[in-house]
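You will see two complexes here that share chain A, one where it goes with chain B and one where it goes with chain C.
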Partner chain A sequence: MSVLRPLDKQPGLNTATILLVGTEDALLQQLADAMLKEDCASELKIHLARSLPLPSDVNRPRIDLIMFVVNLHSKYSLQNVEESLRHVDATFFLGKVGFLAMGAGQESHCSIHRNTVTKLANTYRSPVFFCDLEESQVTRFFRGQAPAHTTDANRTRLSPWPVPDTCPPGP
Partner chain B sequence: MDETVAEFFKRTILKIPMTEMMTILKAWDFLSEKQLQDVNFQQRKESLVQDLVLLCEKKRASVHDAALLDIVYTQFHRHRKVWDVFQMSKGPGEDIDLFDMEQFKSSFKKILQRALKNVMVSFRDAEENAVWIRIAWGTQYRKPNQYKPVYVVYYSQTPYAFTSSCPLRSNIPLLGQALTVASNHHKIVKMDLRSRYLDSLKAIVFKQYNQTFETYNSTTPLQEKSLELDIHMDSRIIHENRIEKERVQRVTQETFGDYSQPRLEFAQYKLETKFKSDFNGDILAERKEPLRCLIKFSSPHLLEALKSLAPAGIADAPLSPLLTCIPNKGMNYFKIKDK
Partner chain C sequence: MDSYESAPQHIASSRLKDYFIGATPLQKRLESVRKQTSFVPTPPRRKIPQCSQLQEDNDPQKVAFLLHKQWTLYSLTPLYKFSYTNLKEYASLLSAFIAAEKQKGLAVEVGEDFNIKVTFSTLLGMKGTQRDPEAFLVQILSKSQLPSENREHKVLWTGWFCCIFGDSLLETVSEDFTCVPLFLANGAETNTAIVGTWFQKTFDCYFSPLAINAFNLSWMAAMWTACKMDQYMAATEFLWSVPCSPQSLDISYAIHPEDAKALWDSVHKTPGEVTQEEVDLFMDCLYSHFHRHFKIHLSATRLVRVSTSVASAHTDGKIKILCHKYLIGVLAYLTELAIFQID
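Right, the complex of A and B next:
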């Protein structure tokens, strides 16, 4: 079984490679698009994967950061992340892994409790971000005309949710 | 014109939205072109309705004409009713008789009228050898209630009939009997299939949903799809599990095809199975009686939603056959028992 290791390859010159792992492709794509729009000191490359292990026959650059994306509305996505975590070497968790929990805004749709993800993140000594994706709408007013709404579909904002402060200290 | 009939006309015409008024009145074909031209369709709806009712009165319209108008309205708004599907069968060894529409109609009407004193039956022929039947139920002492009719759409060249849900459940066996006998069948059975979308029910039952009109090489759509991905994708985004994605697309296409799915709003599964558990000593697993449980999936377009589950990453492909068998089996109500 192939395991991701953080330092098994040479770093690329002035490049940063982020790996997003999650079941919902559309979500990952939106996240990736949003991240690429921001300014970054290095050249940014984003790999999207449904689950780990990654296909072994591909030549890929060294991965600098792994973000595991969990959709709180889907137990399936949590299961997928838990299984993928087994294919990551322990040394990755020294600051190169993070968890993203999406969908906390719609409590009624959540089938995973926020604490479950918080506990998971604590077990792996990694930070967790709670967030939702939203489209930002720009309203323009023209003299004498009704306001025209333009949805700038390319601008997606990450609105962070406060991380619950009931994080239990690690064992 | 009788007061009740005038009221019936008024209420039926009021139902019709202004944008469809002309179309429906023309389809009804009771008022002539010239008479319709003389009516001012620009006025407020209430006044328009009054004018139309007066016009009908002048032309000595009967309650049967009003019933026909109601049928036309329902044909244009068939999604306002929930349709059940009945399947008839001939007895063993019975010949396939030549179907006579007029004989069917008179026989159907006679059977109902013999059983119930006050019942009003109206017919309107439709395309594909179908007939729309409207039945207004009355009782021994009361005239037919025109505001709670039942509609039956019978496709004469097939053993299938679609009925709108009947508020008076006691009349359903009689309706079934009338249909069966009048159409020279032996038995009638209610299928476990129900939806608002009559055309989708037709497509499922007549197996017309999977017809693609052009033949195509099955490999080309996949190529087109992956090209699409490349065009929209930033070269800085790399998809690692492309092979898995293509597998999911392929499995989904094999299961659901490339055609648009017939439209259903829900699928209901009634479970009567024993509780199965991995844990030893689980209290629920010790129960001897089956656990009763009802699972209902609802959606504005259930089959399209199921089709998009695996590509969206919400479920594994292939999906459970309990979900994918719906159009094939022609069922959206299931009873699941232990084998």
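Right, the complex of A and C next:
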């Protein structure tokens, strides 16, 4: 109940659901708004959560991708993400989890070293993306160390399972 | 670097391996830049500042004027064709330059005495190893107008250049360059700007302000608390800035220095060294104590100032050193930050 599993529900028809987990509500909201404005082949739903586990009494669709958002200016956000990672089933880390590290551009404000997040992402075999939000647009994106097969952050669909509909295949 | 990893010929790959075993730090750095890894991962451990042997040689009286003053920090790229034998010449050139700038009206201060004197001198003993270049001091003094016997020269501005344990930088530069990556200035901003411009023009170098981020401030807090002191002169104080609108709030937290040392001793394991885990644990203890009483997560705020009996540092790149014994240790860490910024 309290652990998120990737396959415990049926996939939605022509929908993709992304869960963003992070303590910075404003950042998550901005990121979600920016993502929803992008063109997506299927219907995109974004859930925001401060931390895991998610409340079990709510009926929600199957989650296709979890992005953990860490703010490099706040040690608290890293501690929160580390706590939340415990509530995710191991099979989720087979390509359905990613880390977003924000605030690397302002080196003088950083409380966490970039390598700490990179090491965390490597431990969980998941990609890490370093980015900054400016105004209401995601302006700069550059990838941290990541395995070659993962997809680019601009694409919101990520599903290793064939979706039973007429969607065009991913990039 | 996929091409190296999948090199089909055994001979070629072994030759490449040899190349990297004997690689200089510069070559290793270029290699890691190409691989897009960060060259200097935060060292998992650093030495606690101790009294270095070279420091024993330097006279406490001579360096006393460096203590208890607020210095603004800059990082400086290596100086081209700088010579310690030409210090008098540099002093007169700089003095002429300052006079010219002041006459241009760029740095006019009402009532300022335009008769100034510039001195360059070396600071003996301000180095970590024998390889480090000598530290040197630049001072702008005002010449008194009165033709009296005892002409008091008032110090208007002081700046000094040093390099403490700068091996990683020294290895990468050629003979023509003098590496003094850390520059500390005290006095009017306008004078700092003029001196900086002269140095940049004369020695083809570049100054940039050295900011200290929260991550490094917490390392400083841990290392300075770890220093053994006979007598504590000041409380251990932290200042956090809470990001909120419209105006940011500041939270100040002061601890009795002996309590801070006791906390550090309970966290500390390896003698003589400080590790990342110990620093994190030390700060987490302070955060959780604060949270228990005030229900505020200090870890979500930004550390801007750390003040201990050894030294105090502000995130804008301002430092005040209070203890003669650990002067070299404090400067060593700052040199490391300066070198990191230059890279």
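FYI, the second predicted complex is superposed on the first by the 134 of 171 C-alpha atoms of A that agree within 3 Å, B and C clash if a C-alpha of one lies under 4 Å from a C-alpha of the other, contacts with A are read in each partner's own complex, and residues count from 1 in each chain.
The rule we apply is simple: contacts are C-beta pairs under 8 Å (C-beta built on N, C-alpha and C of every residue); 3 or more make two chains touch, one makes a residue touch a chain.
All of these numbers come straight from a predicted model, not from anything done at the bench.
Peer 1: Both complexes share chain A, so when I overlay them there, do chain B and chain C fit or clash?
Peer 2: clash
Peer 1: Given the touch rule stated above, what does A:Ser2 touch, chain B (first), chain C (second), both, or neither?
Peer 2: neither
Peer 1: Please indicate which partner A:Pro55 is in contact with in the superposed arrangement: first for chain B, second for chain C, both, or neither.
Peer 2: first
Peer 1: Answer with first, second, both or neither: which of chain B and chain C does A:Thr91 touch in the superposed model?
Peer 2: In the superposition, A:Thr91 touches no partner, neither chain B nor chain C.
Peer 1: Between chain C and chain B, which one touches more residues of chain A when both complexes sit on the common chain A?
Peer 2: Partner touching more chain A residues in the overlay: B.
Peer 1: Applying the touch criterion given at the start, work out whether A:Thr23 contacts chain B, chain C, both or neither, answering first, second, both or neither.
Peer 2: Both chain B and chain C are touched by A:Thr23.
Peer 1: Looking at A:Asn115 after the superposition, I want to know if it touches chain B, chain C, both of them or none. Which is it: first, second, both, neither?
Peer 2: It touches chain C, and chain B stays clear.
Peer 1: Which partner does A:Ala32 reach: the first (chain B), the second (chain C), both, or neither?
Peer 2: first
Peer 1: According to the stated criteria, A:Lys75 is in contact with first (chain B), second (chain C), both, or neither; which is it?
Peer 2: It touches chain C, and chain B stays clear.
Peer 1: Name the contact category of A:Ser42: first (chain B only), second (chain C only), both, or neither.
Peer 2: neither
Peer 1: Touching chain B and also chain C: which chain A residues?
Peer 2: Shared contact residues on chain A (touching chain B in one complex, chain C in the other): 23, 74, 76-77.
Peer 1: Can you list the chain A residues touching chain C in their complex?
Peer 2: My answer: residues 23, 73-77, 79, 107-115, 145.
Peer 1: Could you list, by residue number, the parts of chain B that touch chain A in their complex?
Peer 2: 234, 236-241, 243-245, 311-316
Peer 1: Which residues of chain A touch chain B in the complex?
Peer 2: Residues 19, 22-27, 29, 32-33, 36, 43-51, 54-55, 58, 60, 74, 76-77 of chain A touch chain B in their complex.
Peer 1: Going by the contact rule at the top, pick out the chain C residues touching chain A in the complex.
Peer 2: Residue positions touching the partner: 36-38, 41-42, 211-215, 218, 243, 283, 287, 297, 299-303, 315.
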